[in-house]
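Okay, here's the structure, questions in a sec.
Read from first to last, the chains carry the letters A, B, C, D and E; within each, the first residue is number 1.
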C-alpha cells in the first residue's frame, strides 16, 4: 500500500476503534463502572478512612492500571476474534502505523477513565485538589497516559496472537507498567500535597514518566511488527 | 501494484523445495510451484495435504525452514513486506470486524489500500453485499454473507496476486458464479489467482490449470 | 535469491555439552568458590554492628550483580538478533540461557536478602524501593521466560522474546538507582539507605571481590552449558525434522484414504 | 442423555478442565506470578509498612478476587472459542452438572492460589499465623472459596456467550463477590488477631460466608441453564 | 433414543408457521416443514435465506416468536430439553476443545453421552481421525480435519435426528463420500437427517428429498 500515508492508516485504525467503542458501549456500560468499582473495593479492603486520603494517589493509578488491562484485552479481542489483525498484517499494512492507531485509541479511553477516577477519588476518598498543583497534575496524567498506552499496545499486540491471552497480558503489563505507577503516584502526591509534599518534588518524577513514555513509544513503533509477526 | 517487478519476468510464483514446519510437524515437505501471470491455478488435494500452508507461505505469512522462492518477483524470505502489499489473501477466517457494518468494513479497507468510495461501492455490488446488507453489522450476517463481504474486501484491495483458500465455501449458487467471473475478470486485467477447493468439477471449470497437493508436496496434474 | 539452508548448527565434537574450555572454567569456578567459602566464612572479620550476618553479603551482592550481568547479556543478544542480518537463532539461545540463569541468581538474591533482612531488620521484607523494584524485575523476567515458552516457530519465539528482553532490561537502572531516586525524590529515608553503608574494611572488600569473581566464573560456565543444551535441543529437532519429512512424504496412502 | 449420571458429567467436565490446564501450564506460568505481582503492587501503592500487616487480610482476598477473574476468563474462553459450551447446550447436557464441573475446577485452582498468597503474605507482609486461629482460617478459606467459585462460574457462563466478555465479567463479579471480600477479610483478621481482634469475632463472618456459598451454589445449579440459554 | 415418542408418530419434524426474529430481523418468516423418520432432507437456498436459523430452530436452539411445532414428538417450545438430547447438530462452528487432542475430545463426548471406548474408536475410524491424528491437539489440525472430528463427535452422540449445517464444508472428496454413507447408514438404523448445502448436484444425490428455503420461508421442491 505504498500510496497510503502512514498517518491516514493510523487515523483509520483510530476511527475504527472509536466507532466500535461507540457502537458496543463497552466503555460507558462496563469499563467505567468497573474502575469505579475497583476504587470502592480498595476503600472496603482498607476501610480506614484516615489512611485512604494518604494512599489515594496510589489507588487511583492502580485502578487506572487494572482498567487499562481490561480495555486492552477488549481492544485486541476485537482484532483477533475473526483474524482482522492477521489480515492487516497479511495485507502488508505498516505495523507501526497500526501501533500508533491502537495507541491513540487507548490514550483516548484512558483519559476518560482518569478524569472520572480523579473525580471518584474526590468524592470517595475526600481528596482535595489545590490550584497550584493543577499544572503538575495534568502534565503528569498526560505523560503517564502516553507511557501506559504504549506499554498496553505493545503487549496487547503480542498477546493477541497467542492462546493464553487473558492471563498473559496482565503478567506482562503489570511489572513493566509499575514504574509509571510509582512515578505517577509520587507526582500526583506532590500535586495534591499528600502528606505535606511540595510541588517541586513532583517535577523529577514527571521527567521519569516522560522518559518512559518516549522510550516505549519508540520501542512500540519499531517492535510492533516483529511482535505480531507469525 | 503495477510497480511490482513481475512486469519484467513472467512467473508470478516460483518456489522450490519449500519446507514449512508447524508445531514440529512438516506441513510442507519440499513443495515446488510455478505460476505464470494471468493463470487461475487450482490447488486440490486431501485434507491435511498442505494447501492452506502452501497458500500462507506464498503470502509470506509463514516462514519456511528450507527452500527458496520468489513471489511477484520479490524474494520470499527477504522481501516479505513487498510481497504482502501485492497479495490479497482470504483464508478460512474472514478477517472482518464483526461490530462494524459491511460498509464500514469496506470503507476501512478502502482507507488501508487507498481505494475511493466508488471503488468500494463497486466492490460491494460485485459481491452483492450492498443495499440492505451494507448497513448490517457483520456479526449479524449469515455465514455466506460474511464470506461475500470478505471477498468484497479483497476486491477493494486490488491485489495483483489473489490467494484464496476454499473461497467458494458458504457461497450460494449465484455467489459462486459471481466469484468465478470476478476472478476471470481480475486475471484479464493482469492479476493472477491461486485457489484451493474440494469441489473438483466446479473448480476445474474455473481453473486454467490444476495442481494436486499431497502429503506436503505438489504433484503437477493435468489442467 | 536467498535460499534457506537449515541454519547450520555445528554439533559438538563429542557427546555432552562439555569441552576443554568449559572444564577449565568449571574447575576454576570450584576453586574460587572454595576460596570464597574460606574468605567469607573464616578469614573475613565479623561486622561491627551486623556481626556474622554480614557474611551473607558475599553471596547476596555478587548474585545480584551477576543477575544484572545475565540480563544485560540477554538484552545484548536480543539486540544482535533483531538488528543482525542473519537474525541468528544462536544468539537467541544464548539470550534465553542467560535469562534463565539470571532469574536463578535473582532468586538467590531475594532469598539471601530476605534471610539477611530477617536477621538485621527482624522481618523478611521491607516495603522499600529497592526491594520492590527488585521483585518487579524478578517477575518481569519470569514473564520473559513465559513468552519464550509460548507456542510458535523458533523465529517467532526469538523475535518476541528479543523485544521483551530489550524492554525489561530497562528496569535494571531503576533498581540500581532506586535507593538514590527515592532518597532524593522521596522524603522518607529508606531502610536500605541506612543499612547499606556497612563499613567495608579491606578484607571484607577482598572477600566480596572473590565472591564476584567466583560467581562470574559460575555464570560463564552455566551459560556455556545451558546454551549448548538449548542448541542440542534444537539440533535434535532438526534431526527429527529429516525423519519427519521422510515420514510426511511417505504419508499419502498411509495417513489418508 | 438420560442414561448418563449427573455426577459423571460433572466429573468429565472437571477432568477436562484440569487436563487443559495441565497442558497449557497457564496456572504455573502466568496466573501465579500475576497474583504474586498484585500483592507486591498493592503493598507498593500503599507503601507504608506499618499499615501493611493491618490491611494484609483485605489485600490477600483482593488479590484472590482479581486472580479469580483472570482464571474464569480463561476457563470460559476455552468453552466459547469454538462454541464448545453451545455444543454442550445443544446436546441437552444437564446444565447444572456442567456448572458443578466448572465450579469444581475453579475451586481447585483458587485453592492453589490462596495457599500461595497466604505464604506470600507471611513473607512479604510479615503476617503471623496463630495456632488457635488455624481452624477458623482454614474453614474461612474453604467456604469463601466455594462461594467465590460459584459466583465466578455463574457469571463466567453468562459472559461466555456475549461479545464484550473481557469487560463484562469483572463488572459482574466484583460487586457480587465483595460481601465475600468483606466477610473473609474480617474472619481472617480475627483468625490472625489483626488489630487485636479475637477469634470469636470471626465465627459470625464465617456464617455469612457459608450462607453466601450455599446460596450461590444452589442459585448457580438452577440458574446456569437459563443463563447460557440463547 | 428409541425412548422418543416418534416410534408412535411417523413425522420426526413437523413445524408450522415458524417465525424467528434475530436482532430485530425476521430470519424465519413463517416456515413450515414436515420430515418423516428415515428421510434425508436437503435444505437449499440462497445466502441469508434462513437455513441455519431453521436448523437451529429445529434443534431448539432459538426460540420462535410465532408458530408451533413438534420435533421427535416433543413440543418445540415446551420440551426443548427432551428434543435436544435426541438431536445431534453440527453448525458452522465445530464446538471442539482446541487444547485437547482428537481422542480426548471424542472421549469427552463419549462420557457426555454414555458411549464406551469401542464406540468412540469406531466413530474416529469412521471419519478417519484415528491413527496419527488421534493424538494431535485439535488446534493443530487443518480445517477439514477439524470438520471430520466434529462429525466423529456427532457419531459418538448416536442422535436420532441429525441436523447438519453445510456438513460437507472443508471435507475432501473421500471425506464427502464417507459422510454420505455415514448418513445413509444412520437413516437405515432409524435416524433422520436434515442438512443444508450449496452444492446442488452432489447434495441432491445424497438427499431423498430436497426443500428450498427462500426469504425465511420453505418452498417444497421436487425431491
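Please note the rule applied: contacts are C-beta pairs under 8 Å (C-beta built on N, C-alpha and C of every residue); 3 or more make two chains touch, one makes a residue touch a chain.
Everything numeric in this text was worked out from a predicted model, so none of it was measured.
Counting C-beta pairs in contact, the chain pair with the highest total is A-D.
Among the remaining chains, the Cα-based centre furthest from that of chain D is the centre of B. The chain with its C-alpha centre at the largest distance from the centre of chain A is E. For this pair, chain A with chain B, the centres built from the Cα atoms lie 37 Å apart. The geometric centre of chain B is 30 Å away from that of chain E, both derived from CA atoms. Under the contact definition stated at the top, the residues of chain E that touch 2 or more other chains are 98-99, 133, 174.
Within chain A, residues 24, 163-164, 168, 171, 174-175, 178, 230 each touch two or more of the remaining chains.
Counting partners per residue, chain C has 136, 139, 142-143, 146, 151, 153, 255-257 as the residues that reach two or more other chains.
On chain A, the positions that touch chain C within their shared complex are 154, 158, 161-164, 168, 171-172, 174-176, 178-179, 186, 197, 201, 204-205, 215-216, 219, 223, 226-227, 229-230.
Chain A meets chain D in the complex at residues 24, 26, 30-31, 33-34, 37-38, 40-42, 44-48, 51, 54-55, 58-59, 61-62, 65-66, 70-71, 73-74, 77, 163-168, 170-171, 174-175, 178, 181-182, 185.
Interface of chain B with chain C (complex): residues 19, 21-26, 29-30, 46-48, 62-70, 75-78, 214-217.
The touching residues of chain A, counted against chain B in their complex, run 1-4, 8-9, 11-12, 16, 19-20, 23-24, 78, 81-84, 86-93, 230.
Those residues of chain C lying in contact with chain A across their complex are 82, 136-137, 139-140, 142-143, 146-147, 150-153, 156, 159-160, 162-164, 166-168, 170-171, 174, 184-187.
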